[in-house]
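Look at the two complexes coming up: chain A is in both, with chain B in one and chain C in the other.
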Partner chain A sequence: MDLSAFTIQLFSGLSRAMVLFLLSAGLSLIFGVMNILNFAHATLWLAGGYVTYSMFDFMSGRFGASPWLLLPAILGATAVMTAAGFALERFLIRRTYDRELPEQLLLTFALVLIIGDLIKLVWGVENRRISLGIEPIEMLDTFVNPYHFVIIATGVAVAAGLWFFLHRTRFGKIVRAAVYSRSMVSALGIPIPAIYAGVFALGVGLAAFAGGVFLPLLPMSLGVDHDIIVQCFAVVVIGGFGSMLGTFVAAVIVGVVYSFSILFWPDGALAMVFLIVILVLIWRPWGLFGTELRS
Partner chain B sequence: MNADDNRGRSRLYAKYGLSGPAAVVLLFFFLLVPLLPGEFWTIVSTEILILGLFAMSFNLLYGYMGQISFGHAAFFGLGAYATAMVFTRFKTVGGEISTPDFLLSLLAGPPAAALGALIVGFFCVRLTGIYFAMLSLAFGELLFYIVFSWYSFTKGDDGIQGLLPPLFFQDAVHYYYLTLAIVIAALLVMWRITESPFGYIMRTLRDNQRRAAFLGINVRLHMLMNFVIAGAFAGLAGALWGPFSRSVSPGLLGWQESGIAVFMALIGGAGTFVGPLLGSVIYTLLQAVVTMFTTYWPLTIGTVILLIVLFVPGGVLGLIEQRIKSRRGQAANAGHEAASGTGKR
Partner chain C sequence: MSTTDRKWEALIDNLKVSRRDFVFTSLAAGALSLTPRFAGAQTAKPYKLGVLLPSTGTGANYVENAIKGIPLAVAEINAKGGFLGKHPIEIVYRDDQTKPDVGAREAKSIILNDKVQTIIGTYSSAVALAIEEITHEHKVLHIAATSNSSKITQDNYSPYTYQFCPDSNMQSGAVVVAVSKMVKKNNWKSYVSIGQDYEWGRDTHKGFTTELVKAAPQAKEIKQLWFKLGETDFTSYITAIMAAKPDFLFGAIAGKDSETFLQQAGQMGLFKRVPFPGGLISVTELRQLRKTLPRGIIGLARCPFFAHLKEPLMQKYIKMHRAKFGDDNYPDDWACMHYDAVYGLEQAINKAKSIETEAVVKALKGATLDTCRGKRTMRDCSNQLDVPSYVGEVWDSPDYPFPIYKPDTMIVVEGHDVWTPKCEDVEKLKKKRA
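Now for the complex of A and B:
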């Protein structure tokens, strides 16, 4: 492998890792706090991407095209989807808290189908992408799209923000406490339903944000969510349910392994990812950074 | 079975639970389906039976053993590919296959799937709950990508085409009855297994693994045996699928296909023996009808599943069973009339 191929794969792998991290962080938080495995997480990510596209498209028509319009478009889509996530929790997910795990899975499974088809209904079957028209810059023997740096910086910033939120703010500390013992948190007089709604909305918001940030690099197309969600499960399993650091490290592992495997086994790159998942589950079922207690 | 049907539905219910009457009603319909005009319903019913067998094999893991597998389609797909490969080997240059060779190729499915299940199960049975689900999903996806990318062996994304059964079985009705016979035989074997001491060990493992271990049951070994059995039946369903749809493709091993088995089991009622088959009737029929009118099938089935989860927990058969029990009240012996009345519907 020469340096240029290495550089390209490294950057696309790290970018992919950041998106996987943004998605898996929400997935992991939702599972940790609410004990719900949200199959629809990547579908909400996809919806976030489409909404960002529409907002960007609308504003470009209104104010003239500019790459900077992506920023308000992403923020707008994140706000919309956060509200949608809140509503979803209020009206649907909440009804299944006292049910068995498979029934909750079935509900989020149903949401994958419903939301996926609603996207098709609204945006049609053609792919949607945003072209920012940024010149690639020359470095390490090759040309790199500078947008990769934006994605990587954003990912790291959100990771730091999440860490600060979970460890230094009151709400964040309550969320972490709820991962360990919901009944104890409830006994301390903290309204658990509000925590649930907040965590779910936060997770969906992060997913939608990731969808928007990723838009200039990869077009949104129907059905990608099915591939992405199993990769997110891979990340969460490798890192360990409920561990933020684990999720970050695992996202980097999955993203980089995927993008280097694609060089020598294009169709089977994901097979490598699942091989890692299998090895981790056999060796440490609770993940690299998880704790055995929660198994 | 029909004589039994006439003399006393209540006895049928007493002996087999709701599965008894439900099985009789389903059998009755399945036998008569080819009388309907046109091939369409016969073809749909063939699909119902094959996917129903697949869903019931999944339910050996979920309903009886209490573990949810998200990789069960891998064994469905392995069975389908094994049959397809043997089928292709037997085929003459002109693309024809003799009936004995065809039947022989069907036999290749279950052992291949069982072998795959033995390897995958060896690791999966060490875990339970969400970890079991995740490991089975990971193995399923691994197998999917292997089949998808190993072009020289599996034809990759193209799948294996041209699985045209012998002339006699190209007739939809003939293939249907072949499927019906095989599925009935499989279900009878499955029923024997679930009602055997082994079947009750499965229920024990579902309800309390620790207690089972204290009773001296080798938990992992029994889980592995059940995993292999479920895999073999899924492989049989897969074997029937290839010649039915005339082709196999990697998608048969994917997690979405596994999801279909989960849907069917939970829609029909995972707590009952024939529940998943009823789930297949509902799912497949609905798909056949809905896709006639709209391409938004996922939206439709998604909404149906949503409503079932919210309002019919335990699935359709589970709901009926619950109704019967509540109508019977506390008196255990008094409710035979009510049971037979509801079972008829």
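Now for the complex of A and C:
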């Protein structure tokens, strides 16, 4: 196999990895800080994609079609969904903090169905897509989709932004502290409920942002969320819940391993990914970069 | 509010499919089936028609028009008083969720609780095979209008099941006819296959490879790629195809995945490198992907309206469908096949002069039916309707706001030319039933 094919496969693996990272970052953050396993994360991602579609569609009708309108559409959808995430935490999620894990799971699973049906009610069953008029560019003796560069750059930028936020800002430091010990943070007089609402809204915002970024590649359709949430869990389990670095590294591992498996052993591509999950669960149940401090 | 009224309400609630359109259509059908406005015509017992189609999952995009179209056809028949002019049709709709277990459960439920006499529908072949067991057991007529695994009418044969769609062997056979011409013309030697890793994908691939070996042995398959249903990111598959440098690509991809694949492959320039003849490109894709679909690629269709514009029934469907759902909304393959299924049932009932299932089933056996695809006859040994498959080049037509198949490139492959295997072998495939 020649070098250029190798490079292209690596490139496509990285693109897949960044999509997975953008999707999983919010899931990991919410679980790490709040200990809530949000089954509805991918459904909120899907809703974000639909809202982005509607905003893009509306603005195209208003100001004339231009691919640049995607940017304000994504930001608008992220804002809307962040607010929705805040409300969701306020009215529903908050009530389950003192409940047992199965009840939390039931609630977020119910949200999968409810939000899914709401999407069906608003947008119907027809797939929603946008066309940016992307033309392939020639590279390394083959063609690539230039939008994949955008995806990779966005993934890296979001990772860097989250790192900066968690390590260099006051709110971020509190969030990290909450991952280690809720009671200690609370004892210091920091209002945990406010932190939780903020983190949940941020997680949902991240999901919506990922949905918008993905929209030019993937038509939004009902049920995609069910297909994709399992891979998100794989990424988060490998990386360690709550660790952004872990989620990033795990996404790269999953994306690249999947990509090369398709080249060498296509039938076993998914199996390879879950083999890694099993190995991680045996060797480091708390994930590659997770912490075993949390009980 | 009568019970029937409430049933219609429930039907509409269950659907939530483009709600506004559906409410209108269903209410029209409902009102017509309820009002005793046919003075003189004695109203006999209603005919319960079960419809099982998914409103979510990979097939939802395809069957939306079918779900909207069935009530339209039913309303038209009900306007004449119903079947035989006196049995108003009541639709009992359930969402099979593209899941075999759900489909089987719902089939059982509507047979036992709602007493449906016929079940039309299903998108997924896996669901069709699951409900075939139920309809056979309860002796209920089962019309598979779009699910097309050849197993439905061969390995899993049931005398109660009739197939209105070209099956996977016939579709692959049609692609083989088209591809083997291209193989010889372009001196192609190698190809890669990519397919959905489930019943239909595997079945279609098998049908294609076994026939191509006979028709064009010089073309060798160098790689097979299988992806799980609902894949969202084909990037790595597409780069792997390009790395293999095949002369052409064969695909067994349908539904939502087909749209995702075509969009991502187009953006990555796959079709500039590798010809992709015979991928499923129905009127749904032609309409919905009008902007992004690469022109010049060779598609496969099951019931494209533009191939039969001269047929009176097709003209009627087009008119009816556009009048109801908007000028741009031409009936797609999936709507056409369901129209044919409903009117096929009507013709069988007229021939039997009875709505009793045994009589209707007998009337359908070997019947010649008027369809939007012309006069078509049921194959005796498998109850497969003799319908063609269509292969052609995607091309911008001056007559429509979306591309269609270029008329001079379109190959219409008749069902009886490619239905395999021979009847005596079909008999061997049939499993023993109690």
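Criterion: the second predicted complex is superposed on the first by the 273 of 295 C-alpha atoms of A that agree within 3 Å, B and C clash if a C-alpha of one lies under 4 Å from a C-alpha of the other, contacts with A are read in each partner's own complex, and residues count from 1 in each chain.
Note that contacts are C-beta pairs under 8 Å (C-beta built on N, C-alpha and C of every residue); 3 or more make two chains touch, one makes a residue touch a chain.
Remember, it's a predicted structure, so these values are computed and weren't measured experimentally.
By the touch criterion defined above, A:L121 reaches both chain B and chain C. In the superposed model, A:T142 makes contact with chain C only, not with chain B.
After overlaying the two complexes on the shared chain, residue contacts for A:H226 are found with chain B and with chain C alike. Shared-chain residue A:S181: touches no atom of chain B or chain C.
Within the superposed three-chain model, A:A271 lies in touch with chain B and out of touch with chain C [touch as defined at top].
In the superposed model, A:A110 makes contact with chain B only, not with chain C.
Of the two partner chains placed by the overlay, neither chain B nor chain C lies in contact with A:T169. In the superposition on chain A, A:V19 makes contact with chain C only, not with chain B. When the two complexes are laid over each other on chain A, chain A has residues 116-117, 120-121, 226, 266-267, 270 in contact with both chain B and chain C.
On chain B, the positions that touch chain A within their shared complex are 62, 68, 123, 126-127, 129-131, 134-135, 137-139, 141-142, 145-146, 148-151, 156-157, 255-256, 259, 262-263, 266, 270, 296, 298-299, 301-303, 305-306, 308-310, 313. Chain contact summary for the complex, chain A toward chain C: residues 1, 5, 8-9, 11-13, 15-16, 19, 116-117, 120-121, 124-127, 129, 131, 133-134, 136-138, 142-145, 147-148, 214, 217-219, 221-224, 226-228, 258-259, 262-263, 266-267, 270.
Taken together, the chain C residues at the contact with chain A in this complex read 16-19, 55-58, 60-61, 64, 223-226, 228-233, 235-240, 242-243, 256, 259-260, 263-264, 267-270, 272-273, 288-289, 291-292. The residues of chain A lying in touch with chain B in their complex are 37, 92, 95-96, 99, 101-103, 105-107, 109-114, 116-118, 120-121, 226, 230, 233-234, 237, 241, 265-268, 270-271, 274-275, 277-278, 281-282, 285, 295.
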